[in-house]
């Protein structure tokens, strides 16, 4: 059971609505249990067909509030223009040292999707490592930090990695679903045209049916997960 | 933390020493915490170059006692002769219904290893499903049983599946290691010629170094694992 | 556009409701366009927790009628008891020679699902080859037959192969969806307990969103598909 | 059957002879049927051991004419110096908006080949997405464009992706083969030393034997292909 | 350089012409250098559309002679009827103990090809292990034998495993190619209808172009290969 | 058997101790047999928590001497800051042309490890290709060079590629192990905190047990390996 004693969750998104759509249910679930969550958004969605940057920032702020999370915006190379640069990984590593999260959520590194998504996932993966190293001058005086776990979220089935076994997080509580849907719907400028809320609820429903619960989100661990005992290592989803 | 309130663990092995070598540390760890464990051995090792069947059965019984587990022997097709037959899956499903385990441990289904290993892994996987179905006359009156989780163990790096993310179970407690080594060494007839104890300790040491503990065993879940919260979903191993 | 001039579709299922749930929308779509479809069911669902064999056969017959397809039942080893035997592949090859289909639909060969599903998929794959060979005495006088294409259907996301690129068949026409849902709902004995209709509609909706249509079914070709021109080779789904 | 009513094909190559060798047969096949094709070459082959840039440009122009295609040259980072930069993807997206193709052909993204090939494949994949977005200032006033399908071509068996099912395009017509061979041979400066024409004809012959025709080219779709009916979804290649 | 001091090669084929078409060039190459080779054919091709069993046996005997190899026929379940049975693996293990080969060549275990091919590959893989075990009564008095290496051959590109790195054997010597072609052509009853000789020469030519030689055969090792020094570990093929 | 007539080995490492830990046993083995080896280190370890750059350079020089190898340092982007740039590949290609090695050893290209490792592996892979091209002005007057083979080494099991079959090099000679351990231990500043020597010896021991020798190192070829005869193609490791 998460509690305020748990270190915070840090979720990183490439665009103002990625976190909500990809793993907003998990964020809502954890903050409801008293765990702090912080969102880092790496563009202002300025390349989108719909929605002006200032509108999208406001939507993301409203969504973060609905999820019970704090939020900050980062300007890297701009929406649809992200490149893999060490400087970006250092910037993200600096945030990891400042926020000192337990769990970190990042977009999956599967390549044939939006160019910003997988690049950001890789940058976060590198940042999680750089945050541990003691000799990086760019990171200043901040003490090294070891995160607890890095998990990737996916915005579509197509961006789910196929060679990693997901963990399924039960997000069935009605208040969780309600907060999640509200956070997705806060992105007014996007959802009308894209049916994204329906898409994500269907995905969570399918995973939930597999997990034997109402709704679940699949997260893809970057590294094997360590448990103190077999009894702690979850319960297997039941293929139909 | 496992306790006697947890449903028992069931481990299945093709030969008298497979369970000890592949996941004996986990068995020892769980029984030390008060959880019941039951071993099912599907041959008497009668094809081995060394060790007579009755000797090998006795060794396995001694090893099971050292691990704090009960044990039974099953004669399917005989050592090195196992075939994939529905009748065998039904036999194993019957045992699942009788023992009613939470976690089930079976040899990995990676194919280019001992022919009995991967076939048994597949039979157990099928059995876990058959145990849930209500209409199987072969299974008699025993009520259907849903196991908690099916995890595969591997006897070598070569038989670890490469498209499944393992969970790492911390088995560092000195008493756990001591019991595990004793159980492996109970197989006198095998270990002298094969350096198997050293092999398995090295594997656990390597996984432990990755997991940030002394020793760990990698287990490979057959299905995604379900957790009630992110805080319960383990801690990421730290690649060097 | 399919027409009655097209050779028939043959769909093979392990249990009375597998075809409807896995690819019923495609069957409905094709029969509505005048193409003949024939269903072959390889058990009577006698292992299921709910539904007696005769009830399940009747349900399947009603479902087939709703899909506009003919149907036959085959008794191989029985529900949940299917084994991979050459004799079964020969039986199926005999049906292929009799029906002489263009497209053949079979359950996917992904292994960690129901033991009957992947085994049947492999048997059909072998049967499609045996149907071509001229020298098989078991197949009697029936002339060899080359099917047009073998495509696998999946009952869940977990049984979709991950190393094969699916083709997406647009099944958005309201009459198609209506016939499909009716056919799934014809399996009264199963759906109440399993939420299967919702599961399958959600899957088709997700694939449809990816394909830019209302609903689509993913089918997984056993072999590369051959086209006379690039213009005939479909249109790419658009990852979000 | 392609016709002039079809939107044009756009093929992108890293070096002056890549398109001809990788998918020239398909280009010839489509233009013979009246479809427009445009080639974009992203270097002038200035790193090659043989052939001066101006000679290679002239060869490519002659080859394009033989294939019935128009051609343009793009100077990105130079031959053997291509880097993955957003600016390049934007440049390519601008071309996609200008040409407004249906099918786009790009080099495969398999990595252990020429460094320019897979990088260009990824740039084109990103460009196909950027071309759809409405808010990219770099792309000016040009209206967004959704391409019909992105398919990768491979210059060798080693650069064929192994987790994607190819589509096979029948290029058996003698006039197609003749135009293709002539276009490959137009690259005088390269073929003498590399036996490339023989290599490519052998590959097309092998694929053709699998497809049941004389010659075929394998193309690897970036996304699942969508069809209105099963009858439109090609014919399965017949493994021997 | 192979010599008569080398232990013999054993090649196993499901049908009378499989070895010749799949790895006949390698056999010819080795026997020309004085190494003994023995062929084991596991059916008489009695399912083929063309060629009577006695004719096919005679063809195989002529082909073996042209390759400089001895040959024997084994009747397991019959052509197109092979099943995976322990009894077959034991039969093959008995042959391994009798012939005591260094290298063993078997058809690849890739599944979507002829049902006999991959099943036989798996049986040989199991047999190579059983041949090492000391306690198998079925194998009688014959002393256990450890083969030197097990390598899979493929009859088509489609049956080449994609997750194994092949070794390429240079078979460019004109006498080798001549003997190989003659051995393939000895199967009069098959080649007229199937263009198999051309197919195999093209495959060897493509691999040869990759290997920097005239012709090469790709073989797929069942296990990692061990070398005493880096200098012995071959030379890398050069992707174009 | 390697000898001074063999072209030199070139090993490339991202940090001062990577080569020693990843493939130091192979280097020692080859230099003991009289083959020249040259190490290229692409940073001075300036990001490490422990050890100042000048100390780490001195440690690497001492380690190189213990391995019997020459060494040079290259400043690319700095420790933990490596980016994939054509300029770096050109720099490395220039070294390949100067040293003119047979075998080249580079860190594996598996991505979820230290960001410098896989990037360097890819740069070396590209460099091996660029070194062959005749028209690259950056490389000056140096004649093109074709390396003999490119093999990747791995620092952990997690960075071993899973879709490439390794070659195992026997490094069991006591003098080899002694030199290797001494070279690893020369990195005083690192090993105390990281148990790296134990980790690497355990890995070599496990591979050795699989290879039937005392110690072995797994190397992962970038391209298929070419052999003049089957007798030269090593001996298969024996899975337990």
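Odds and ends about this structure:
Every chain is named by a letter (A, B, C, D, E and F) in the order it is written, and numbering of its residues begins at 1.
Keep this in mind: a contact is a pair of C-beta atoms (placed from the backbone, for glycine too) under 8 Å apart; a residue touches a chain by one contact, two chains touch by 3 or more.
Computed from a predicted structure; not experimentally measured.
The minimum number of touch steps linking subunit B to subunit F comes to 1. The chains in contact with subunit E and with subunit F alike are B, D. Between the two copies, subunit A and subunit B, the Cα superposition rotates by 180°, quoted to the nearest 5. Taking the mean Cα position of each chain as its centre, E sits at the greatest distance from subunit A.
Under half of the residue numbers at the subunit A-subunit F interface are used by both copies of the sequence. Distance between chain centres (mean CA atoms), subunit C to subunit D: 35 Å.
Shown for subunit A are the residues in touch with two or more other chains, namely 84, 112, 114, 129, 158, 162-163, 210, 222-223, 239.
Pairwise, the chains that touch each other are A-B, A-C, A-D, A-F, B-C, B-E, B-F, C-D, C-E, D-E, D-F, E-F.
Contact residues of subunit B toward subunit F in the complex are 112-114, 155-159, 162-163, 194-196, 198-199, 202-203, 205-206, 209-210, 239-240. Those residues of subunit F that touch subunit D in the complex are listed here as 84-86, 89, 109, 122, 125-126, 129-130, 133-136, 144, 222-223. Only residues 46-50, 77, 79-84, 111-112, 114-115, 158 of subunit D touch subunit F when the two sit together in their complex. By the touch criterion stated above, subunit B contacts subunit A in their complex at residues 1-3, 6, 9, 26, 29-30, 33, 35, 102-103, 129, 132, 146-151, 162-170, 210-213, 216, 218-219, 221-239.
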